[in-house]
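We call the chains A, B, C and D, going by the order they appear; numbering starts again at 1 in every chain.
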Amino acid sequence: MIALVITLSTPLLAALVLAVVRSPRIGGWINISATAAGFAAATWLAWTVLGQGAIHGDQFQVDAFNVYLIALTSLVGLSTSIFSRPYMEHELELRRVTPRRMRLYHASFQGFLFTMLLSLSTNNLGVLWVALEGATLATVLLVSLYRTPESIEAAWKYFILCGVGIAQALFGTVLLYFAAARVVPDPERALQWSVLYAHAGQLEPVVVAIAFIFLLIGYGTKVGLVPLHNWLPDAHSEGPTPMSAVLSGLLLNVALYAVVRVKMITDGALAAGVAHDPQLAGRLMMGFGLTSFLVAGLFLHRQKDIKRLFSYSSIEHMGLMTFAFGLGGPLATFGALLHMTVHSLTKSAIFVTVGHASQIAGTQRIEQIRGLIRTQPQVGWGLLIGSIAIAGFPPFGVFTSEFLLLTATMKSSPWLTVPLLAGFAVAFSGLFRHLQPMVFGALPAGQKPINMNPVPVTLHLALVLWLGLSIPPSLARWFDDATRLISGSGLL
Amino acid sequence: MADYLNLAGWLAALAQTVLFVAIAPLFANWVKRAKCTLQNRRPPPWLQPYRDLRRLFGKEVVLAHTASHVFRIAPYIVFGTAVLAASIIPFILAEIPFAAMADAIVLVGTLALGRFFLALAGLDVGTSFGGMGSSREMTFAALAEPAMLMVVFTLAMLASSTNLSTVVGFFLEQPLALRPSLLFGLLALLLVGIAETGRIPVDNPATHLELTMIHEAMILEYTGRHLALMEYASQLKLAIYAVLTVNLFLPWGISRTLDPASVGIAVLALTAKLAVLGALLALAETLVAKMRLFRVPTFLAVAFTLSLIGMLSFIMLEGH
Amino acid sequence: MTAYADLPLIEQLIRTFAALILVSSFALLAQARVVAAIQVFAWQGFLLSALTALVAWNSGLPHLYISAVLSLVLKALFIPWLLIRQSRRLGILRDFDAVIRPGLTLMAAGTLVIFCYNVVIPVREFTQIVTRDAIAVSLALVMISLLMLITRRKAITQVVAFMSLENGLFFAAVTATQGMPMVVELGIAFDVLIAAVIFGVFFFHIRDSIETLDVDQLSRLREMDE
Amino acid sequence: MFEFSPAMLVYAAVCSTLAGGFASLFADRWPAVQKFLVFPLLGLSGVVSIAACLAALSGAPAVTDELALGLPWLQWHVRLDSLSGFFLGVIGLITLAVSAFGPGYVREYSNSHYSLALLGVMTALFVAGMQLVVVADDAFAFMVAWELMSVASYFLVAFEHEEAANRRAAFLYLLMAQVGAILILLSFGVLAAHGGDFTFAAMRHAGLTPLWAAASFGLGLLGFGMKAGIVPLHVWLPEAHPVAPSHISALMSGVMLKVAVYGFIRLVFDLLGDPHWSWGVVVLAVGSVTSLYGVLYALVQHDLKRLLAYHSVENIGIIYIGLGLALIFFSANLPAFGVLGLIAALYHTLNHALFKSLLFLGAGALLQHGHERDLEHMGGLIRRMPWTALFFLIGCLSISALPPFNGFVSEWLTFQTALQATTLESGVLRAVIPISAAVLALSGALAATCFVKVYGVAFLGQARSRKVRHAREASHGMVLAQAVLACLCLLFGVLPTTTVEFLSRISVDLTGFGVTAATRQGWLWLTPIAPEVASYSAPLVLLGVLLALGAWAAVYFSSRKRRLVQPLPRRDAWDCGFGPLTPRMQYSASAFAMPIRHIFRPAWRLHEEKVREMDPQLSTRPLQLRYLMHADDLSWQYFYLPVERFVQGAARRVGRIQTGHLRHYLAYSFFTLIALLWLIT
């Protein structure tokens, strides 16, 4: 419990401190130290949960499902903060940001991390909602950090779309509370996930179904499900790159986490099959997931901006995970959990290299980013290997999860493998047709290497490689516990 | 396979091969004589080809500056493969151990090997003539060879064997029957033979006209013993196709033992058959005009189609 | 099922207020002038606050009084004040944001109300206070606000619509469930406050970048062909 | 206690490969590492692979093992049986040759800015991937190894990435590898779903219904076919093989395609069990079309490596014809003939690996020392590079299926199998098989034509460009590699009986049937069905050829003394009296194939262009005439471009939903909500 407190309070305190620290340089180092401390605490927490089992508090609950996401979040937070220091200093040198805005940036970064960790660890669906809304608020001003017309437009769209989405989610939460209030006598406990999950069978199915639809659309907007995804590429492409990395690597995961938590309750409520198809939640998620996967793959073909390109790739992968969770069953769930992990790691690594690549070229336009391997091999190879990993080639972990997912689909609904296959092909070709000319090719004139820290990218890709070759038993047990929790049965 | 190991069989086969090689120029000359007679020209003497060969063997060899080893080794390989092919074919004796060594497919392969080197030799010196000849030769061979293989396959399926001795034996034991497959096969083989041996209407062995020539263009740079071997090999090839045609489709008379009487009958029968075939060939060459070069593929396509129809008619009309 | 007339007065009053809020929502949808829209929004906040107080009185739940005060301060006073001040500074207070096909829009809103009622019909009726119908009304409020968001071009009216969406949610929380747990409610209020501030910041940013608050001009980032 | 197991040989081979890859990390700093560590380790890996192959083919039972890698509930299963041993041997042979060829060849890159370290690492991963594919015994390990092979070879194709064409080729290659891999994965997925587990052992007992078996077969055919290069899935092959470094092209064409064949055999003959006759017909048709298509396109190429790549397509077609025949006979319950088809296919697999690697290595030597890939600029290389010329000739003879070389034997076996069509019950099958045999005959003959063109234009005649005129012989290692492969081509051509005996063990393991009759007459005679049906004695045929050569040698050496005093006189070639012949007067590669182009015109889309440079003084007098020709693959026009257009169109249409207007986005959200609410009421 202490570990949890430290994990949560570190970013909160850091956000407060950073809001008053004037020097951007010191701010950068404080940022790194805070995330490092947070990561240490999260590791401790994970260790505790691994050793002693889940923590079930009234307000907080840390079980197998969220503890690994907490660890992942703090890890990605740490490496992104390491990346962000030289990156933002470079931006400062270019006068794209002022020291005041750097203060806002650092404070918001930590504030965002806090909301992420809070939404993961809370047991209260209301608090979950508050934290996710907080995440939007913390990041919206980061999207418009550069104050360009595009960035303001992106921030506005992000704010309104996510705001509306999250409002819909709140309505869903209220409905859930409404349904629960009839069953759970203590109103203070009626929004607690563990209580709702325990009483899921007694909840009024019609209300829960309506609530699920609102929650799916609400949190689905944050996940980036097509056709609710429109804010995502804009926000990713216009904000500073470290923010894109955490948005893609963390926010989308956490939103999906929320959807899955809600789905577990919905499945319990609809299990009797009186009012609705008991598979309703899963079916809807499969539909949304598959649509997102296919449409995002097509969008990849027409991109001109490197960060938009990879944000569509994020939509595609979130779609895949949503599909997998919707499919249910231990194999698909295990695959989806693994995919969440490896996608966050890989995608944040990619955004790190993308950030450096656009700094080298001085633009985010794909057609002007050329010959990265010749200009700065670290960046070029990082981007290439990251893309190979994200495209699902072994021995990287993304392959493992896609393997599980495809075989699970083949087992339960074989016909869906056809659109999946088409989607993979379309997405891959869309990604690589743009990627290859960027990394390969002759040395472009007038571009020179920039200062970068290779640790985050190397670390992430090494982890993904490790997960692809062999999943360590402790982690496997974790995943399996989470799988058991979500789908009812494990694999091990 | 023990019977293949008897020495007498091997020796007889060897002797037969020697005989085959020896009389091959004679057959070529017979065709030429028949043609002369038909065209009211004075025929060359019976032994004229042997004199030509002897004269060429005696002459000095001159090489082009650009000729390489391939050019010099090719005549021996072309001639060698022709001899090898000749040794496989049932000639006077039906049952020969050589036929077991290499079956009909190997026969086609062996001829292809010779042709491969012949074409390379044509390209070796680097003249336009040589290239032209090689290109045409290989093109037509590419069409003729599958047709030839189809004919072989038809026979092989009929006799359930690709061993030429077995095939001949099978036909000897079969009662006489009019088989469409054999009819088409025979026609195809005749067409292929005409193309492969460079006879009218595909090629004209008697002229050196650049628009039409194929075989002669390839050996244009050869002199002396090399030229002799090339000429000899082409005469051998003509004889091979002739013997193949008559012995596979009209095998009567061929000897299945080493018994002197039956061998004698076989010699007589074969002589008669070859004489008739040669005369027919001469007649055809007299009556038919040389065709345009790009009509040849059509000619060969006809051969290929005939052979394929032959095979299909065997499968559809004569099966089991 | 008891007849409406048999209900206690307080319940009848609550329903009346609910209807009034719905009416205010329609009014908001039809209101073209910026200042009038903000005023209607303030009225809606006031009605909501009053409704909360009524519910609190009816159910005797003390924390609902806090909610009532909170919403009065925030939704009826602070946010309208903020919006009016911003609009004045931006010089758009007297602007029009023409409603696209007002008749059609209002008809659509009416249809939505029916649709929302249809959606909640399968919910089993309990003999408690307004529940199912409250959900229907709040659903309708949410939907109408969404419709308003879709049909408005000005950033300021979009914000009003967004805030009225929050009102719909609040309505649901109050009438259907007699308020949320306190921690959640405080969190929501905090979020709404921050959101309002951020909206204020954005108006200036948007005006600075596109020199108008017409959000239809904000369409540089797109995937369509030029 | 150390206990020997053949699996250790496999591990040793893979470790040696990976160690070579690791060593090459330092190759950029110390180039000598390449010569003294990287390639020797690769060679060692090849030798050990061959040892593993011999151990597996020695008749020992299959060895299984598990590695602590992979999924938590599914470790990597490894199994070395005769089939995987055979393919491991093929990999080993070619790797060995490449390790001898490599040091000389990669010297070329030491002065460029391409990284030798990358080349070494990716080569090692590529080889290791292939070695792991053939021993993998569960779907997961198989797919990981398979994709490792694909990705590593992608980097090798993209190695010289500054050429736009290379990037395009690499992209196409990786895309098709990705799609193919998913298809394979789904094919295994069907088996795993019914067998309950990802291990091959479980899949063998999946007991699929005919429909599912057909689905798995179809997915596997497409998936493996994409890598093997069956028409129309072959388009990546002529793009990717030419642009990789030549020793890699040798590995890709010689070995990687074979690994795809391995996968197909493993799936169809081992995992799926009883084949349906229609599968055989499909495979036979695919094989026939592929072989003819490949050779026709090879004929119109004048880029040597591209031409060789199209020949790989042709040879894959021949292998598939053999496999198709095998499937038909097995399904018709005539295992004796089915086994023959399988063995013919395996034999051709081995042969193609040998001669295609030989030819690619030869092309590499030409590229390095003659700086040319285009046949139209070569000529006369036999004088500059005599050894390479000799071995290349052997490669040409082998691929043209001429006796007594190895290519002939496997085609002969395929023909023999096809000739057994008369024993089939079904009239349709009896008619279909001969037609495919005819196609095989035609493509064989066309292949010979093509290689006369290649050899004649590249090595004979006069040099057509300055660089080629001054070419030097390749280094010793490069020649040695070619010599080894050339000798193996002859060896496997002359000793077919022994080879078939080994191959028969594979079919016994896979299907329970072998070809006992084929080898009953001793090593001298190959009698696939019965002595009286067909027999072939390669050693005796070789003896005949040797006698012919002996005759030549006798004349040559008897006249040697005379020649030493007075060598054969040399004169100018006949020039029709117009003055000396120039290299430009020679027949070019395009000219050579012109009659064929004329005959088979509809098979290609030819782009012909005649460039005429006029004399600036006198505008009517042409100074130079050049003829440019290239052939577009028809499958682009009818298959790939429509797909590409469709995807682009779909992307454009989908792009329309993102209008940039916030109100539209909100409307999507609104209507989605209404639609979903509608759905549940």
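We adopt the following convention: contacts are C-beta pairs under 8 Å (C-beta built on N, C-alpha and C of every residue); 3 or more make two chains touch, one makes a residue touch a chain.
Computed from a predicted structure; not experimentally measured.
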Message: Just to be sure I understand the contacts, which chains border both subunit C and subunit B?
response: D
- prompt: Which chain pair shows the largest tally of C-beta contacts?
  reply: B-D
- prompt: Which whole number of Å gives the spacing of the CA centres of subunit A and subunit D?
  reply: 44
Centroid distance [mean C-alpha coordinates] between subunit C and subunit A, Å: 31
Query: Cα centroid separation between subunit C and subunit D, in whole Å?
result: 69
Message: For subunit B versus subunit D, what separation do you get between their C-alpha means, in angstrom?
response: 35
- request: Would you pick out the residues of subunit C that each touch at least 2 other chains?
  value: 119, 122, 146, 149, 158, 215, 218-221, 223
- prompt: So which bits of subunit A are touching at least two other chains?
  reply: 156-157, 160, 164, 168, 206, 210, 299, 302
Statement: Residues in subunit D with touches to at least two other chains are numbered 652, 654-655, 657-658, 662, 666, 669, 673, 677, 680
Field: Touching pairs among all chains present in the structure
entry: A-C, A-D, B-D, C-D
Touching residues (chain side subunit C, partner subunit D) in the complex: 115, 118-119, 121-122, 143, 146-147, 149-153, 158, 215-216, 218-225
Field: Contacting residues of subunit B [partner subunit D, same complex]
entry: 1, 60-70, 73, 76-77, 79-81, 83-84, 87, 100-103, 105-106, 109-110, 112-113, 115-116, 119-120, 122-132, 134-136, 138-139, 141-146, 149-150, 153, 156-157, 160-163, 166, 220-221, 225, 293-294, 297, 304, 308, 311-312, 315-316, 319-320
Message: Which stretch or stretches of subunit A touch subunit D in the complex?
response: 156-157, 160-161, 164-165, 168, 206, 209-210, 213-214, 216-217, 221, 227-228, 230-231, 276, 280, 284, 295, 298-299, 301-302, 373-374, 388, 391-395, 399-400, 403-404, 406-407, 409-411, 414, 417, 421, 424-426, 428-430, 432-433, 436-437, 440-442, 468-471, 473, 476-477, 479-480, 491-492
Query: Which part of subunit C faces subunit A closely enough to touch in the complex?
result: 119-120, 122-124, 126, 131, 135, 138-139, 142, 146, 149, 155, 158, 162, 165-166, 168-169, 172-173, 176-178, 180-181, 183-184, 187-188, 190-191, 194-195, 198-199, 201-202, 205-206, 208-210, 215, 218-221, 223
- prompt: How about subunit D: which of its residues touch subunit C in the complex?
  reply: 652, 654-663, 666-667, 669-670, 673-674, 677-678, 680-681
